[in-house]
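The following pair of complexes shares a single chain, chain A, combined with chain B in the former and chain C in the latter.
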Partner chain A sequence: MSHGSAGSRRIYYGVFAALITLTVVTVMVSYIDLGLLNVAVALLIASAKASLVALFFMHLKGESGLVWGFALVPIFFLALIIFGTLLDTQLR
Partner chain B sequence: MSEPAAEHHDPVVAFESAKLGLWTFLATEVLLFGALFTAYIVFRLKYPDLFHAEHGKLNRVLGAVNTVVLITSSLTVALGIDAVKKGKARLLPRYFGATILLAGVFLCVKYVEYTEKFHHGLFPSTNIFFSLYYMMTGIHGIHVLIGMGVLSYVVVLARRGRLSETYYTPAEMSGLYWHFVDLVWIYLFPLLYLIG
Partner chain C sequence: MSAGEESGIAGNGRGYLSERGWRSWAFTLDHKRIGAMYLWSTIVFFLLGGVFALLLRLELLSPQAKYFSNHAYNVFFTLHGAMMIFLFVIPAIPSGLGNFLIPLHLGAKDVAFPRLNLASYWIFAAGFLVIIGSLVAPMDTGWTFYTPYSAKTGAAVATLSLGVFLIGMSSILTGLNFIVTIHKLRAPGMTWHRLPLFIWSMYATSIIQVVATPVVGVTFLLLAAERLLGVGFFDPSKGGDPVLFQHFFWFYSHPVVYVMILPAMGIVSEVIPVFSRKPIFGYNAIAYSSLAIAFIGFLVWGHHMFTSGMSPLANTIFSFLTFFVAVPTAVKVFNWIATLYRGSITFESPMLYALTFIFLFIIGGLTGPFLGALATNVQLHDTYFVVAHFHYTMMGGTVMGFFAGLHYWFPKMTGRMLNEKVARVAWALVFLGFNLTFFTMFIAGTRGMPRRYAEYIPKFHTENVISTVGSAILALGILVMMWNFVQGLRKGAQAPSDPWRSLTLEWRAASPPETENFHEIPQVADWPYGYGTRKA
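Then we have the complex of A and B:
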C-alpha cells in the first residue's frame, strides 16, 4: 500500500481547481456558436477533466501496468462498440 | 483463486486484488453507460436538428452547478482517503459526510430539474432526446444514490475504528466508485446540456 505523501493534499486541491476552471471554460464556450467546433471543444475539455479524475483522484498515475490494462481495455471495447454500431447505422 | 483465504493473509496482495476487482466492476459500468452513449451518438447523427432544439430546453446553469457539486464531492472523498492513509481515520466521517451531503444536493437539483421539465410537458416519451436525457441522468442518479449508501457504510466502519493507515481498502474502493460516478457526469453534462 502506498501512503499519501505530504504533498498529496496540495495535488488534490490543484486538480480540483483545474476541474472547476475547465467546467467554467466549457460552459462559457457553449454560449459561443462555433458550429461543429463546439462539439470538439466540449469533448476535448470533458476528456481532459476525466483524465485528471482518473490519474489523480483514482490514483491511476502511480498504478501498475496491470491496473492500467484493467482501466483501458473497457475503453477500447467501448470504442469498438461505437465504431461497429456507426458502421451499420451510417453506411446502411 | 481456490484458496482466497490463504491469499488474503498478505494485506498488499489483498489490496491489489480488491483494486483489480473494482476496476473490473467499473469495466462493466463503462459498457452499461457506453451502450447509452452509443445510442446518443446514433440518434444525434440521425436527428441533429431535434437534438439542437431540445437541448436548449435544459437548464445549463443548474447542470453546471451540479457539475461543480460533484467535482467538490470527489475532492472531499480524495481528502478523506488521504487522511486515513496518514493515520487520521477519525477525520474520514467528516470528509465522507461532506461528500454524502453534496450527493444529496446533487439529487435535489436533479429533482428540481425533473419537476420543471414535467411541468413544461417534457417527459421521457416526448421525443428521443428526452428519452435519452431521462434514461442517462436517471441511471446516473441511481448510481449517486448507491454511492451515498456505500460511502455511509465506510463512515460507519471508520466510526467503529475499523480503518487505519494499514487497512483502508473499503475507503479506497468506495472512492474509486464515487470518482467513476463523477467521471460519467463529466461526459453527461456537455453531451446533454451544452452541445445536444
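Then we have the complex of A and C:
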C-alpha cells in the first residue's frame, strides 16, 4: 500500500480537517444545554473521530476480515462493561 | 531413535545458552532467553510472596496478634496478594513458559515481533522495580485496591498502581505478540486442528490479556486522578460511586483468573496424554472450551460484588451467568479423565503434578458454585472459605500446572535431567502441605472465620494451627523442589532431545534448542497426540 502518494496525502489532510472540525463542534455543542443528550452527542462525535483515525490513519480501511474482526471485537466488550455497570447503577 | 536425532540435531551443545555475559541476556531477541528471564523473575517473586504468606501463617498460630502489628499484617497480606497475582501467577506461564514454548510448538524460529518481546520484558522489569519502590510506604489495602480506603490511605497507592499499570502494558504486548505469532508463524501443515492444546489455551489467554488489561490500566489512572487531583469518580460526596471502582476492577480481574488458569490447563492437556501413552480424548472439545472459558469469563465479574450493594437484578443475572463457566471447565476435566482411562499411566514428576492439578482443581471448582449462588455467597463472603476456594483453583490449579510444566520442559529448557526421586519427595511434601494448609480453611470459613484479620476468636485455633503446620510443610516441599532445580542445572544428567517420547514439535529441537530452534522448519502432517497409535 502506498502511503505517500499525492492522492493519499489529500485524504490524510481531509481526515485531519474533519478531526479539527469535529473537535470545534464538540466544544460548541457543550455550550448548548441538551440535558442528557449532551453526553450522547459528545460520545457520538468522539466515536466518529475514532473511526476516522482507525480507518485512515491506522489503515483499517484496506485491511483483511481478520484485522477487522480484531478491531471490532473490543467494541462488544466495551458495550458489555457499560451495560453491566448500568444494570447495577440504574436499578439500585 | 529420538525425534531430535531424526531431524539431525545433536542434543549435546549448550544451544541458546551458549552465549555468555549480561549483554547476551539484556539485549537478547531470542524468545527462549526472554522466556527464561521471565521465569527467573517470576519464580523470585513467587518465593518472596511465599515468605509473606509464611509470616501471615506465623501470626495466625495464636488467636491474639503476637509478632506483628495489625498494620504490618495488613501490609503482609497486601504484598502477598499483589506479588503473587501481578508478578507471579499472571506472567509466569504465559510470559515465561509461553515465550519459551510457543514458537517451538509452532515450528517457528521466534515470535512475530522479537523486539516487542524484549520491550515487554523490560517494561515488566520497570513495573516490578516501581512496585518494589512502593515499599517505602507499603500498601495495606489488599491486592484489590478497593475505594474509598485506597483513595485516602497514606500508603503508596499511586506508585503501586503505576507498577501494576506497567506490568499490564507488558502483558498486553506479550498477548498481542502471541496472537500474531499463532496466526502467522505456524509451520507448513500446522492447521488449527493440529495445534498443540497448549497453543489453543495460550491463544485464548492472549485474547483476554489484550482485551481486559487496558480496563485495569484505565481504572488505576482514575484512582490516581482521584488521589492526586481529587476528581471524585469513586467519591459519593462528589457524585461518584465506590462500587464503580469494583465494577471496573473486576471487569479485568475476573477474566484475568482465566489468564492464570487457562495456560495451566494447556500444560495439563500436554502432559496427560504423554504419560498415559494415549491420544488426547476430545481434542476439539478441549480446544474450543478454552475459547468458551475466555468468553464466558467476561460475563461474570459481578459475582465478586454480591454484598457490595449492587442492584438485585444485577446480582441475579451475574449469579445465573456464573454457573455457565462450570460447563467448559468440566468439559476439560472429563476429557482429561477419559484420556487417562485405560492408558498406560506412569507417574513421573510432571504427571504427578498434572494429576494433582486435576484433583485439587476439582475441589476448587466444585466449591465455586457455593460462592456463585446468591444465598450461600452472603454467608461465605469474606470468610476463609473464599481464601480456600481461591487457593485451590489458583495454587492447586495454576501453580501445580506450572510445576508440571517446569518438570516436563526442564530437560528441554536446560539440557539437563532432574533427579526424579527428589522431585517426587518434593511433590509429596507439596501435596500434603497444600491440603493441610488450605482444606482446613474451608472448615474455618464455613464456621464463620473472616479473612484479613490478624486476630480471631479461640474456637478457630485448631484449624489455624493445622494450617500453619501445613504451610511449613508446603514451604519445605517448594524448597526441596528449588534445590532440585539448582542441582539439576549444576550437575543433572545430559538430557536427550525427547526424554518423555513426546510428539509435539519442541521435542524435535535439540535440548537445549539452538538460537533459531530448528535447522529446517518442520513439516507437519498430523496432530501431535497419536500416542499408542504408532511407534510413539
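Going forward, the second predicted complex is superposed on the first by the 85 of 92 C-alpha atoms of A that agree within 3 Å, B and C clash if a C-alpha of one lies under 4 Å from a C-alpha of the other, contacts with A are read in each partner's own complex, and residues count from 1 in each chain.
Heads up, the rule we're going with is that a contact is a pair of C-beta atoms (placed from the backbone, for glycine too) under 8 Å apart; a residue touches a chain by one contact, two chains touch by 3 or more.
The shown structure was predicted, so the numbers you read here are calculated from the model rather than taken from an experiment.
Using the superposition on chain A, decide if chain B and chain C clash or fit.
Once chain A is superposed (C-alpha atoms), there is a clash between chain B and chain C.
Once the shared chain is lined up, is A:92 touching chain B (first), chain C (second), both, or neither of them?
So A:92 only meets chain C here.
What is the contact status of A:73 with respect to chain B (first) and chain C (second): first, second, both, or neither?
both
After superposing on the shared chain, does chain C or chain B touch more chain A residues?
After superposition, B is the partner touching more of chain A.
Go through the superposed model and pick first if A:61 touches only chain B, second if only chain C, both, or neither.
So A:61 meets neither chain B nor chain C here.
In the overlay, answer first, second, both or neither for which of chain B and chain C A:39 touches.
first
Does the superposition put A:8 against chain B (first), chain C (second), both, or neither?
first
Could you list which residues of chain A make contact with chain B in one structure and with chain C in the other?
Shared contact residues on chain A: 66, 70, 73-74, 77, 81, 85, 89-90.
In their complex, what parts of chain B are in touch with chain A?
11-12, 15-16, 19-20, 23-24, 26-28, 30-31, 34-35, 37-38, 41-42, 45-46, 60, 64, 67-68, 71-72, 74-75, 77-79, 81-82, 85-86, 165-166, 168, 175-176, 179-180, 182-183, 186-187, 189-191, 193-195
Report the residues of chain A in contact with chain C in the complex, numbered from low to high.
66, 70, 73-74, 77, 80-81, 84-85, 87-92
For chain C, which residues count as touching chain A in their complex?
So the residues of chain C in touch with chain A come to 179, 183, 211-212, 215, 241, 243-244, 247-248, 251, 298-299, 301-302, 305, 309-314, 317-318.
Spell out the part of chain A that touches chain B in their complex, as residue ranges.
Chain A reaches chain B through residues 1-4, 8-9, 12-13, 15-16, 19-20, 23, 26-27, 30, 38-39, 42-43, 45-46, 49-50, 53-54, 56-58, 63-64, 66-67, 70-71, 73-75, 77-78, 81-82, 85-86, 89-90.
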